[in-house]
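One chain, chain A, appears in both complexes that follow, with chain B as partner in the first and chain C in the second.
Moving on, here comes the complex of A and B:
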């Protein structure tokens, strides 16, 4: 059996790069938020330091096997999602498994982690965790609809369900899908706001209401693994959106610029908005984002 | 030796025997029933592919034969029949009237096997009625409200049966034959009006069993009150008979007519709306069995969509989902039955935290919900993937959104189901709950393994499906043992998916278990973060009532609209109408005598008009 060592390199390094980028973005977000609110804020390496600290902690408690495996489910989904997304265009190292990538598949594998996480949070018996999960799943029904509308519009327009083919379509700046199909982009980016879970859509975590909800019973190594997973998953989602709408990236610098700009959309929106109630949040996605999504499809079909 | 009459004979003889033996040697009734299903399983499995039997009764010829399509469903019935009877042995052990139970149970199985092997409409209808009647008997077997719920089921079944019957009569009167081989493919010999009526009537008839909206109202209640082993068979196999029939009508009758695309389009949208609304209703349920019942209705909606779209990939997806739904819904009903057996309730607001007491049931339920949700790497994903791809590629842009909304919303009720029963606070009330006996565990474990294997090798199931599709005159589609393809050249290789998920999961699972293994200790679910307050022993920390209140608020208008109310209104109107009819049927012998005289007089007066002769 031939082992392609470049692929092995990619499989090992991709999650690590994703983790570092994701965790730095998290730290930067805290700092940016602080500066906008006229505070000094923590250093941008704070999140990384937190995670290292949590990994080095000794004592951990667990409520049973499902809680024990919950974070593992989450990180498995994050890393697997990342493997099926082309991180760098036409790169041998960072192709990973993306040649098999398919948008419908990605939609489902992305849910895998949330489901595992929800089960883990469920076993802790913390009512706040259960409330958080119930909110999270409800909100997911909200934003998945415009997101799928936007994806269906794009898939129909370019007659492909593969992410690699979509990248091949967007060779030049003017070919980016954001310009070819702006309505789909609007629907997609509004859904993206919900997906990232920043205010006004932070009903799941809702720190002042339900004590950070699902993760509230996780500490030590579990929290560390969850934070790692969250960083990787954030990066994976950003790369996914960059690949779909912004033409992907041929090198890391472009990738970082594009993903960072994309990341700032939910972050900056979050800073200026208070939190929605859950039903408001759901209904939000079923109004304008839905209209844009339907229009995007109609434009393609007609 | 192994032929269709023997199969039917075994089923019906076993049924009668288990009833008789209940009164002679009660201990033997369960082994008899079990033996019957084992024999059925073997006979159905070993049945030669081209068996054909003609039986002449009067002017009619009854034909029974095997087709790849029938065999697909036949195997499903036989396997599920065996599993559910095995499950019954301990589940029903302490119940009364077991002879009655097993007799009807085996009658249902026999009826279903009869349906799938029928090659003419008379046998089909005959076995259809056997199945309906004996399932009605099982719906009214126990529990409160069984009478009125049974009546609802009966009324709808009767509507369905008469629709099929009128359809059959219309076919016979215009074609003079009821043999499948003379009707299929020759449908265009009759006039368009009759064609349309036959197809609509048959779809209504089969649609009742597959709980197609708006004919679904009997299903949630009937599923909820029937005993759990039967619910597993009811939702798993019995509802698939409706799908079986709709498949026949669509591809063998409607496909040859000029208005096929209209039938397809209407049926697809009805299926899509069924899927969405049933999912929303499921979210609002508090009873686990009712939740699963609505979930079944929703899943059957997907199957109808797949059949109605009519591209090879979508039909494959529909049949795949039909088989898989039978398995995973039986798993879920069995897990629920296990909970019911040990706690005496299926109310999700009462039971909680059974995971540590009933690990096998939990794992079954977990694999069940992952399969329903369609999350890789289990079998459900392949079905969902094929369905979406075929919908998008055949240009059903808005239907795919409806279906997608339904299956995303399905996560809500699935999580609620598993959370309420197995996760959450471990309460004192359920401290002494034990795992169910091994006879109930075996079917659950086997089916869990099945969904796992099908997830990695969907081709195992796609092989019989593609030969069934050949019988339905559908073009073949591309697939390999573990690779699925779509029409635009996309593919998903399940091997790679499963391997990467397994590798990462095992690696990190080992990491988190080893790291600080000694220091990681178990704490109870009372020992949680409650912002400094220490919960007392009896403090209720379970979050189970109104689990999805915010979501229900946002879909409130949809939940309010209930087709059940329309039927109740219709029922009231009829009741009032019959009140007037009572003036006619006075119950007085004198009045009836007068009617007879009047009728004769009318007959004499208008005989020429009616019969063409003067009496």
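Moving on, here comes the complex of A and C:
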């Protein structure tokens, strides 16, 4: 049996790169938010420092096995999601584990982290955590539907369930799926706003309202694991959307530019909008993105 | 486990650097001091540029900020909050009331010297301290952390009996769960 050492290299380096990029994006977000609010803002390494500090906490209280495992599930789901997305187009190293049908697999595995979090938060017994979990799962029902509709539209249009095939379709600038099926892109990007959890869809982690929700009882290393997982998952989602709609990236500079521009959509939306109530958020997802998703499918089928 | 934070090892230097630049505060707004915090955190004085950020729950916090006088009733809640925080943790006494009682020096119902009940790392003097003074207090705490000298939590663990004795003297109806580290 011969081992493809280049793939092994990719498997090892991809989560590290994802972590660094995700953390830096998080820090930049805080700085951009600060500049818009006419503040100086923290350094862009602030999120990394926060995570190092949380890892170097000396005690970490836990209320049971599930709370111990919740963050572990979350980070497992993040890294697994990342592994099934080709990070760099046509690259031997960063193709990772993508296979035919990975879009359907991704639809399932992307939910797993939230479910793990829900189990972990449920064990803590904190009422705020329980409220946060119920809100999170309700909102997930909201945004998953337009997201699936958008993906189904694309799968039907190109007769494939493989990300690699989708990348092969988008050879030139004009072939990007954002231009080939704009309705699917609109449905997808609106679902993406909900996925990222920035305002107005930050009903799950609402610090002023339910004391940060699910992680309210998590401190120290558990919180650090969850922040790490969040950084990696952010990068994974950004790369997924870049691969599907924006033609992927053939080198890291293109990848950084595309993912950063994509990331700015939820961030800048979040800065100008206040928070929705839970039912408003779900109603929003079942109204506009759903209409665009159904239209995208109709356009493809008819 | 209690580590020596000023050992000078490279790991400790990195850890202290991160701790210094990332202070998440849970502000116990008992008195008038709480009103000085919004200007400290928002655009005018912007404490976030030093890595100071509000945290939602005590579990996530590093710094307990006692803003103003403590009544006997609130002292109980503060002790609960402090014991829920994760190590390493710091306490900042904010305003004259935490030092010697301030304008409540002859009150029958307030705690005069906070240091007898919780280990205070930094005091910020004034009645009220302006946001500049608050930020200067935080910078003082950062210097202590970098030097590995902000060992209030360690002191609390080592002298727990003494602190408990003082706390029980003031709080008559002591119905508190045991300290879980």
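Here, the second predicted complex is superposed on the first by the 300 of 302 C-alpha atoms of A that agree within 3 Å, B and C clash if a C-alpha of one lies under 4 Å from a C-alpha of the other, contacts with A are read in each partner's own complex, and residues count from 1 in each chain.
Basically, a contact is a pair of C-beta atoms (placed from the backbone, for glycine too) under 8 Å apart; a residue touches a chain by one contact, two chains touch by 3 or more.
As the structure is a computational prediction, the values presented were derived from the model and not from experiment.
Partners chain B and chain C fit side by side in the overlay (superposition on chain A).
Here chain B and chain C are compared by how many residues of chain A each touches, and B touches more. Within the superposed three-chain model, A:287 lies out of touch with both chain B and chain C [touch as defined at top]. In the superposed model, A:68 lies in contact with chain B only, and not with chain C.
Of the two partner chains placed around the shared chain by superposition, neither chain B nor chain C is touched by A:171.
Looking at the shared chain after the overlay, A:216 reaches both chain B and chain C. Centred on chain A, the angle reaching out to chain B and chain C in the chain A superposition, using CA centres, is 110 degrees in steps of 10. In the overlay built on the shared chain, the residue A:207 is in contact with chain C alone; chain B does not reach it. By the document's definition of touching, of the two partners only chain C reaches A:53; chain B does not. Once the two complexes are overlaid on the shared chain, A:122 sits against chain B while remaining clear of chain C. In the superposed pair of complexes, A:39 makes contact with chain C only, with no contact to chain B. Measuring only between alpha carbons, the smallest separation of chain B from chain C in this overlay is 5 Å. Comparing which residues of chain A touch chain B with which touch chain C, the overlap comprises 58-61, 128, 211, 216-217, 220.
Residue ranges of chain A in contact with chain C, taken from their complex: 30, 34, 37-43, 46, 49-50, 52-53, 56-61, 128, 207, 211-212, 215-220, 223. By the touch criterion stated above, chain B contacts chain A in their complex at residues 353, 355-356, 366, 370, 373-376, 381, 384-385, 388-389, 392, 395, 397-398, 400-401, 404-405, 408-409, 411-412, 415-416, 418-419, 423-426, 486, 488-493, 496-497, 500-501, 504-505, 508-509, 512-513, 515-516, 519-531, 541-543, 547-548, 550-551, 553-554.
Residues 1-3, 14-15, 17-19, 21-22, 24, 42-43, 46, 48-51, 54-57, 59-60, 62, 84-88, 180-181 of chain C touch chain A in their complex. Those residues of chain A lying in contact with chain B across their complex are 58-66, 68-69, 71-73, 75-76, 79-80, 83, 97, 100, 102, 104-105, 108-109, 111-112, 115, 118-119, 122-128, 130-131, 133-135, 137-138, 140-142, 144-145, 148-149, 152-153, 155-156, 159-162, 211, 216-217, 220-222, 225, 277-279, 282-283, 286, 293-294, 297, 301.
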